[in-house]
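By written order: A, B and C. Residues from 1 in each chain.
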Amino acid sequence: MEFKSQAESGLQLLERLVARPIIKDLTPLLPDELTSETIEIIGDASTGKTLFLTECIAKCIIPQNACGLDAGVVYIDLDGQFNITKLVKIIKRIIKNADDNLVKACLNKLTMINCYDSPTLYVTFQRLKLFLTEQSQVGLVILDSVSANYWQDSVSGGEKYMDTYVEKMISSLKICLEDFKVPIIFTRQSYFQSKQGDSLLDCVNRRILFKRLGFDFFATITRRNVNLCYKFNINELGISEFNLQV
Amino acid sequence: MNRPIWTLPLSKHTINKLDKLGYKCCEDLLDSLDDPEKKSKFLRKHMESESEIRDMLKTPKYKTAADLDIERDSIATFCKSIDELLNGGIQVGRITELSGAPGSGKSQLSMQLCVSVQIPVCFEGLQGEAIYVDTNSNFSELRLTEMIDAFLGHVSKVLSGPNDFKGAANSELLKSLTTAGMLSKIHRVQMNDLNQLHALYTTLERHPNVKLIVVDSFVMPLYQVENSLRKNTLVHSALDLLQTIAVEHDLAVLLTNDLTTAVTESGTEVFPALGESFGHRVQYRLLLSKIPNRPNEYTALLKKSVEHGRSAARFTISSDGVRDLPIEQPLQ
Amino acid sequence: MIRLNVPLVPDKNVLNNLFEKNICTVNDFLQKKTSNLQSVCNLQCKEITKLKDTMTVKCSSPLINGYTLYLSKTLSTFIQTGILKLDNLLNGGLFVGNIYELCGPSACGKTQLCISILLNIIITTKKDIVYIDTRNKFSVKRIKQVLKNKNMTNSEINDILKKIHVYSVIDIHNLITCLHGLKEKLDPIIIIDSLPALYLSFIGFYKNDGLCYINHISSVLKYLCNKNATILVTNLAVKNCDFTNDFKPAIGKYWFHIPNTRLMITTIINQQQQMCINIPKSVYIPLDNKCILSINDYGVSSNL
């Protein structure tokens, strides 16, 4: 399914020129500015993908005076793995003695979308375009995970080739969001690849590969053929420090 | 959330046609079926499946566990310890698996059950018939005759005894019990392919009083199938079919299975063949084995059951059939 | 509803024109260029844009404010299984809105554990529980046995039995209908015993033919969870084909990441009436903790 971009009205033009928060220093894995980028997160089940995303959301929605980015986030949850109480725990870890009002202010910047089938998802992408036009504080869009409805779609004539399936979905999301220059982060399961290659998909700027060996977790960031590997731990409180591996 | 139309068990053809008309989800379809105008406009040509579709979409009704609290019929053997192990015998509506090495008594117990399923109602039996699906030529009319004769001998002994039991008025019926008559109520079906199990439907139409289906052996026809995926499909379609028949006709299904050896870290271990996924789908699993160094003594180990923990029974096979061990023998 | 209809397209004649041009669904409509639609509908550019916008808003998934979501989740927390060691392992109990999977080899006690959890929940919360039985295995006899051993009277037992709503399901289509039928139920607790029994006959047919159904079932389960359902699914563990003989869940890689928490059950060899539970997958529970439970006349319990 492809949605052509439409001619925009002067009002829309004006609204999208309003300054949006810039996503920078989101996590030690993504230290620089991410404007207009698409980041792919790939990994097996229980390698920390959803938890990592939860940490990213926390960083975004926390106010600037508490080391946050003060940016709104749209989280499209196709997998149902996201846990809001976990997010609140992380916020309370980052801001010591956060009171209810502060938590409320943070959470108000998060917009959750639960979607259960692809036709609705594509309409929802269109909806985002309207939503972001209205909401200038939204700085990041997350999609977890891209493969959730692949098998359902394949019955009704969907794309069979997995990589192409991912590219089609991400590019339709990108078309809807391109005016706003917000970064997109999406996840996919590591089995969900047509071929296990090192090269990135055309629509992806960076890839983070999550792995788990025993109790150690690893994240490898690939960008323009440069790989960096970090080791991290997961405990009750969330993800604790990233250490660069040489 | 909507339900897509392809999740209905309709033909691909019908699904495609509805799809072309823009019907992707059941809610839209129902909406048009309920609206006479839309119905005549868009669905005129598909009316033949209307009641079918409505049936498919009908929300199933639940039963509370209290509604389900009914005693199930079971088929008793002639061996008390096995009956006790199984809470009265093998249950109708369910699948029981007998696994064991060759000569562990699987076919003997199967044939015994074909006789005991015929026990008249006045003796608290099911007074049913049996289908014996024979895939390995273990079926023996001669052996069955022996068992039936032993049964009839037992009946006449009980009848001539002093016990006055509630079915005495039925003695007419008891007189009509003959070896030939009972033998004719065991319907042997020969098969070498599990796909042929569909034929059971016709056999059941002809003999509606069947209360037991034995498949001896379930695993034999599968040895010739080399492709493991194909084998899997065969096993589970056969189980789908047998489970459906068991529920619809309220009858017991008995399958026999072989043992297989698997190499593990701790050496070799013996398991019932056909793997975990087969074991998952039977409700009761009995492992039969011959006790070494003891002539004519066997054990039945209950490996799987919702109602009881694992326990074992001992039995013997005499010319009469499957029986308890003589009492004077001390247990272990 | 995805098909175009009268409230979405206000004019009947316009709707008919669209159908004639094979523009039947909302997605068909939104994908077409506004200029093309203008001639088909005989409407002005502005009107088409407006139609598209209302359709988009009406037919997309709802956008939920994070704080509203948080408030709806804090009211309901978790349901205790009543098995002390298991509750400890699970950090308190079964969290509402989560899918739990009980995975283990055949005859390891999955159904037994389901029955015990079910009874404990009814006894403490007095709530109805939906039990979807796919193998015709549900045993009232066993339940009564467990309850009698807890010294319950017949009328107490009967009250409990009435709270168990059993759906007997014979095929995968049936299961889907059943789950869709539960969408209106308030905060349901659902036990599905077992999912693979309906799926196993698909394996090997056409390469991935049953997966689309598993995919759809997962979607419905997630939908139910989002409406505060608590779901327990049993899954079979099969042996790996290699020499390790390790167990893995029977419904392939796709299903692997669907449950929020997976409880892996193994039988303890030589002690037939015990089971060992560990957690190989969870979003919030420290992984690889263990507990040992016993199965006896009182059901599954912590007492060894």
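Here is the rule we use: contacts are C-beta pairs under 8 Å (C-beta built on N, C-alpha and C of every residue); 3 or more make two chains touch, one makes a residue touch a chain.
All values derive from a computational prediction rather than experimental measurement.
J.: So using the touch definition from the top, which pair is joined by more C-beta contacts, A-B or B-C?
T.: Between the chain pairs A-B and B-C, B-C carries more contacts.
J.: Based on CA centres, what chain would you say lies at the far end from chain B?
T.: With centres defined by C-alpha atoms, farthest from chain B sits A.
J.: Work out per-chain C-alpha centres and flag the one nearest the whole-protein C-alpha centre.
T.: Of all chains shown, the one whose C-alpha centroid lies nearest the global centroid is C.
J.: Could you please state the distance in Å, as a whole number, between where the Cα atoms of chain A are centred and where those of chain C are centred?
T.: Computed from C-alpha means, the inter-chain centre distance equals 25 Å.
J.: For chain A and chain B, what's the span in angstrom between their mean Cα positions?
T.: 52
J.: Between chain B and chain C, what is the gap in Å from one C-alpha centre to the other?
T.: 30
J.: When you check chain C against every other chain, which residues touch at least two of them?
T.: 2, 25, 212, 216, 219-220, 223
J.: What positions in chain A touch 2 or more of the other chains?
T.: Residues 116-117, 119, 152, 155.
J.: Hunt down the residues of chain B that sit against at least two other chains at once, touch-wise.
T.: 1-2, 4, 6, 24
J.: Show me the residue ranges of chain A that touch chain B in the complex, using the header's touch definition.
T.: Residues 116-117, 119, 152, 155-156.
J.: Tell me, which parts of chain C touch chain B in their complex?
T.: Where chain C meets chain B, its residues are 1-5, 19, 24-25, 28, 105-107, 111-112, 115, 130-131, 135-145, 158, 160-171, 173-174, 176-178, 180-181, 183, 194, 196-197, 200-201, 203-205, 212-213, 216, 219-220, 223, 236-239, 243, 245, 250, 272-273, 295-296.
J.: Can you name the residues of chain B that touch chain A in the complex?
T.: Checking each residue of chain B against chain A gives 1-2, 4, 6, 19, 24.
J.: Which residues of chain B touch chain C in the complex?
T.: Contacts found on chain B: 1-4, 6-9, 21-25, 27-28, 31, 56-60, 62-66, 68-70, 87, 93-94, 228-233, 236-237, 239-240, 243-244, 246-247, 262-265, 275-277, 279-281, 283, 285, 303-304, 306-307, 309-310.
J.: Can you list the residues on chain C that touch chain A in the complex?
T.: Chain C reaches chain A through residues 2, 25-27, 30-31, 33-34, 49, 52-53, 55-57, 59-67, 69-70, 73-74, 99, 208, 211-212, 214-216, 219-220, 222-223, 225-226, 253-254, 256-258, 260, 280-284, 286-288.
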